[in-house]
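Okay, got some structures for you below.
In the two complexes below, chain A is the common chain; its partner is chain B in one and chain C in the other.
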Partner chain A sequence: MASAIRAHVSAVVLLAVPTMVVVLLSVVPIFFVFSDSLGGTANEGVGLANYERFTTSIFAKQTWFSITLAALVSIVSVGLVAPFTYLLTGLPKTWQSLWLIYLLAQISLSEVLIAFAWQILLSNTTGITQVFIWSGLMTSTSSLTPSFGAVVVALTYLSVPFAVLVLYPSFSRLDRRVVEAARTLGASSVRAFMTIVLPMMTKPIMTALMTLFILNLGAIIVPQILGRPRHWTLAVHITDQALFQFNTAFASALAIILLILSAAMLVFLRRYGQTASR
Partner chain B sequence: MSGLRISAVSKSFGQFAALRDIDLDFDSGELVTFLGPSGCGKTTLLRIVSGLETADTGQIVLKGEDVTYRPTHLRNIGMVFQSLAMFPHLTVAENIAYGLRLRGMSREKSKKRVGDLLELVQLPGIENNSVSTLSGGQKQRVAIARALALEPDLFLLDEPMSALDANLRDDMQIELRKLQQSLGVTTIVVTHDQTEAMTLSDTIVVLGNTCVQQVGSPIEIYKMPKNRFVAEFVGAGNFLLGVLADRSTVTVGGESFRIGSAAPDVSVGASVTVLCRPEELVVVQGDETVLPNSLPAKVTFIRDIGHTVEILLDLKGQELLSIMAPRDCPDVRVGQDVNVRFPPEHCRAMLA
Partner chain C sequence: MSRTSLSYLFLFALFCMGPLAVIFAVSVTEARALTFPPQGFSFRWFVEIFSDEAWFTALRNSVLIALSAATLATFLALPISYYAWRHGLRFAKALAALGVLPFLLPPVILSLGLLLLFTSLTWHGYFINGVLAHTIYLIALPIVIVSLGLESIERSVLEAGSTLGADDAKVFRTIVVPLTVPFVITAFAFCIVLSLNEYIIMLMTVGFTYETLPIKIFNALRYGYSPVLASVAVMFTLLNIAVFGAVAVFSDLPKLLGATER
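Up next is the complex of A and B:
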């Protein structure tokens, strides 16, 4: 009896520490941001004015843009990464490790560096543009950045390593015999991938989509460097409001909206992911 | 008509040779088992036949057509995997109909075919069950139904019974054999279980050390093994070492031993092993007159399990086993000196 109580007490103590950390570092700041968002710029008093401003301004449109951009980038990334990871997990272990090390190295690169690298690659004098002209895809030199395409390409580049990391464990546990069984039943490799591997991997694919969506919803550097102002995401506008327009209250309101959107999307995809994989 | 011909097939994985120069030819409608210890290359050979693995050299001819470089999905084979490899996201019916739907069979027609197949494997009415709810035996049957759905030219099974418990395995072996005979489909079963091979096969291929050791009917393999590897792998045996004096005599420790047969590749004067199966070895009370083809030995253990009596004997440090019917068994005790007789007609000489 006494030992049961002691175990219970120690469990509470053990849980108390991480709970305190979460409360101090996450809940408390969010509360401050939220209370900030209720204030005004010019002594307007406490109220929902900032949220009203959001619904009637360009920011609602830019929020929708952020969502579609994040959705597009995550779908493109997972669409590329799912077949890649399937092929990767079929390679000998040494090759798999080398690929994983290479991809992890990508994550260690600074996002700013990557954005500028793409700016150079897509400029009118170097790299990709020249290749396009040489191959006849383009007739005259013109810069491919800033543009929506440049934003999508760079964000996809940043997302791919994360998608591999999310999908790799599940794909490497996949029973290859099941795919072989499909082959003996008349399915080509591509057919077997589409009809057997993808449906079996619904859950990890949903998780990857969810992770990338949240990650890209907060994209800030790439849209600024490679996009025009109309390609700015909500996160860019938050920075702009807070740092350049000196309107922290409105920036806080936008941040709270972004937070709610992310949470809502998580709940939605979780639900959908579970029913889809059943 | 030849159902399947495998000629000069070799396969290596890096430095490791898995199969060397395999030549086999089977009739259409035959059930063949590849029998051998683990690592002997039997599964690799099956996978080469299926197209899931490609041979380094050699040729696979299926029903007169060279399919050596034809991809698996164009070979018209049905395969049951050791892990059964069911599609976990599909129902029983969807699993079985997978191949049918790929070939563009209509929903209605394939539904009828799935019903017939489930009838055939004695599991009618489970179409809409999820495969994860099935028992081991049921999964086995569904896997068989799925493999047979496309009426394959060749039916391949890789250790199909290994996941089943002993009783179920015995029943499934008989059932599989009956099913195969009624369909008349050329079938290859890979197994390491000699009883399974004996129960199922028209022909057994004993594989060992990357080579074919012997090809023959179950009884041929059991009674007339070509070498000691086959004799030891298929059933238990008592072995005596000696020298072949002529085709019907072996000199064992200076004494002449009469034998019934000698493997064809053994020449006179060669060192040989003489095999006598336990059920043929006769224990005789020691005080009787010494008979020809007998050796003195001491009883070390008696195991009476009702329908048979197993007697373990010590022959100058070598252990012998005799399995006798209770009515033939002499009244012997542990520690008693006896004679063991090797009936000449049941003694076979082969390379040591």
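Up next is the complex of A and C:
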């Protein structure tokens, strides 16, 4: 009995600080964003003015752009990654470890550096354009950035390792004997993948799509460096409004809209996606 | 493995590693201007990261923030994961869920909230802003990774310890701690790497007054090309590979990332 009470007391003491820190740094800031979004720049008092401004300006259009961009990048990335993850989980364990080390290194590499790498790769003096000219696909040097294509390619590059990590646990549990059976019966490897593996992996694939969608909804650096202003996402406009237009109230309203969009996706993910795979 | 499979793996590797290979080539070019194919060979741009005052300050700032935030995040997460696992406290589980949330949502939302919070406290561009912001963003990693480690401990081992007369403190010291330490170190390493590479949270909560490496890189990009950028990119890539390589040596990486033994 005494030890139970002691355990209880130590739980309260040891959890007090983490609780304070987590609440103070996550709940309180979101409350600030919410209350600021209802305020105005002048003495307008509390109201929905910022949200009205949102619906009647280019920002609604840019929000729609963010959504389509995130959807497009998620689909392209998962499409590229699903066959790869299937092949990866069939490799010997050492090779799997090496790939995972590399993918974790790529995932953690600063978005700024990845945008820089693609800027160099797509510039007119180096990289891909030179290859295109050499192979006759292009006739004169011209830079491929800034452009929508550059934004999509770089975001795909950022998303690919995330998609592998989401798909990896399920694919490693896949019963490969089923695929072997199909192969023995004469299906090509592509056909076996399309008709056996993909249908079995629908749920993890949906989970990956939704996870990448949320990730790309928050894309900031790539659209800014590799895109034109019309390729700016909602997240770019939030930082722009807060830091450079000094309109934190409007930035807050935009942040609440982004929060609602991503939270809705998270709820969807918990409902229909794969719950923790362990 | 069929030829289709091999070519697919090769193309995928090319897409992932190609851009980094170009950066590697550019980083050891002698010329200041961007040329391709690279001309000459030199490590001078790597030396410049450490010899140039501005680059070195940014590097030092990044390291200080990463070390402080990773330490704070790890120590704050430990009691949360432990009580959620050992005593199944509902409160600790809820706290863990709340702690993971900032990592799942677009970071710009919470950064804006933290900016408003710090502004209301009149904390403008302080070092501590960056540390606290990264702590709350990264705390998800130790919560998840340490919980994974705790769950891998067999309950029967704990019961055996208790039956043989060990009290809670002794069970904790002799069973729980040794079995979870590798996971704690892994979580710490993940936090360090992510913090060093993070840009947008730093920009929003600290701004340009306390310049970290990613912020310095972004600013340098606006003024045009500099070969130092390439050498920084190479240094970071190698650092990330070294850290995760070490994690793979000391723990089972495929298992940590969710693969099952076959």
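To be clear about the criterion, the second predicted complex is superposed on the first by the 239 of 278 C-alpha atoms of A that agree within 3 Å, B and C clash if a C-alpha of one lies under 4 Å from a C-alpha of the other, contacts with A are read in each partner's own complex, and residues count from 1 in each chain.
Throughout what follows, a contact is a pair of C-beta atoms (placed from the backbone, for glycine too) under 8 Å apart; a residue touches a chain by one contact, two chains touch by 3 or more.
What you are looking at is a predicted structure, and each value in this text was computed from that prediction instead of being measured.
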Touched partner set for A:Pro169, first chain B, second chain C, both or neither: second
Scan A:Phe148 for contacts with chain B and chain C and give back first, second, both or neither. neither
Broader residue contact with chain A after superposition on the shared chain, chain B or chain C: C
I'd like to know which partner A:Tyr51 touches here: chain B for first, chain C for second, both or neither. neither
On the A-aligned overlay, A:Glu180 touches which partner chain: chain B = first, chain C = second, or both, or neither? first
What residues on chain A does chain C touch that chain B touches too? 188
Which of the residues in chain C end up touching chain A in this complex? 1-2, 4-5, 8-9, 12, 15-20, 22-23, 26, 34-36, 76-77, 79-80, 83, 87, 89, 91-92, 95, 98-99, 101-102, 104-110, 112-117, 119-120, 132-133, 135-136, 139, 148, 151, 167-168, 193-194, 196-200, 203-204, 207, 213-214, 217-218, 221, 225, 229-230, 232-233, 236-237, 240-241, 243-245, 247-248, 253-254, 257-260, 262
For a test of understanding, state which residues of chain B touch chain A in their complex under the given definition. 50-52, 71-75, 77-79, 81-83, 85-89, 98-99, 102-103, 146-147, 149-150, 156
Chain A to chain B touching residues, read off their complex: 175, 177-178, 180-188, 191, 195-196, 199-200, 202
Residue numbers on chain A that touch chain C, as the complex places them: 3, 7, 11, 14-15, 17-19, 21-23, 25-33, 36, 80, 83-84, 87, 89-90, 93, 96-97, 100-106, 108-121, 123, 125-127, 130, 157, 160-161, 165, 168-169, 172-173, 188-190, 214, 217-218, 220-221, 225, 235, 238-239, 242-243, 248, 251-252, 255, 258-259, 262-263, 266, 277-278
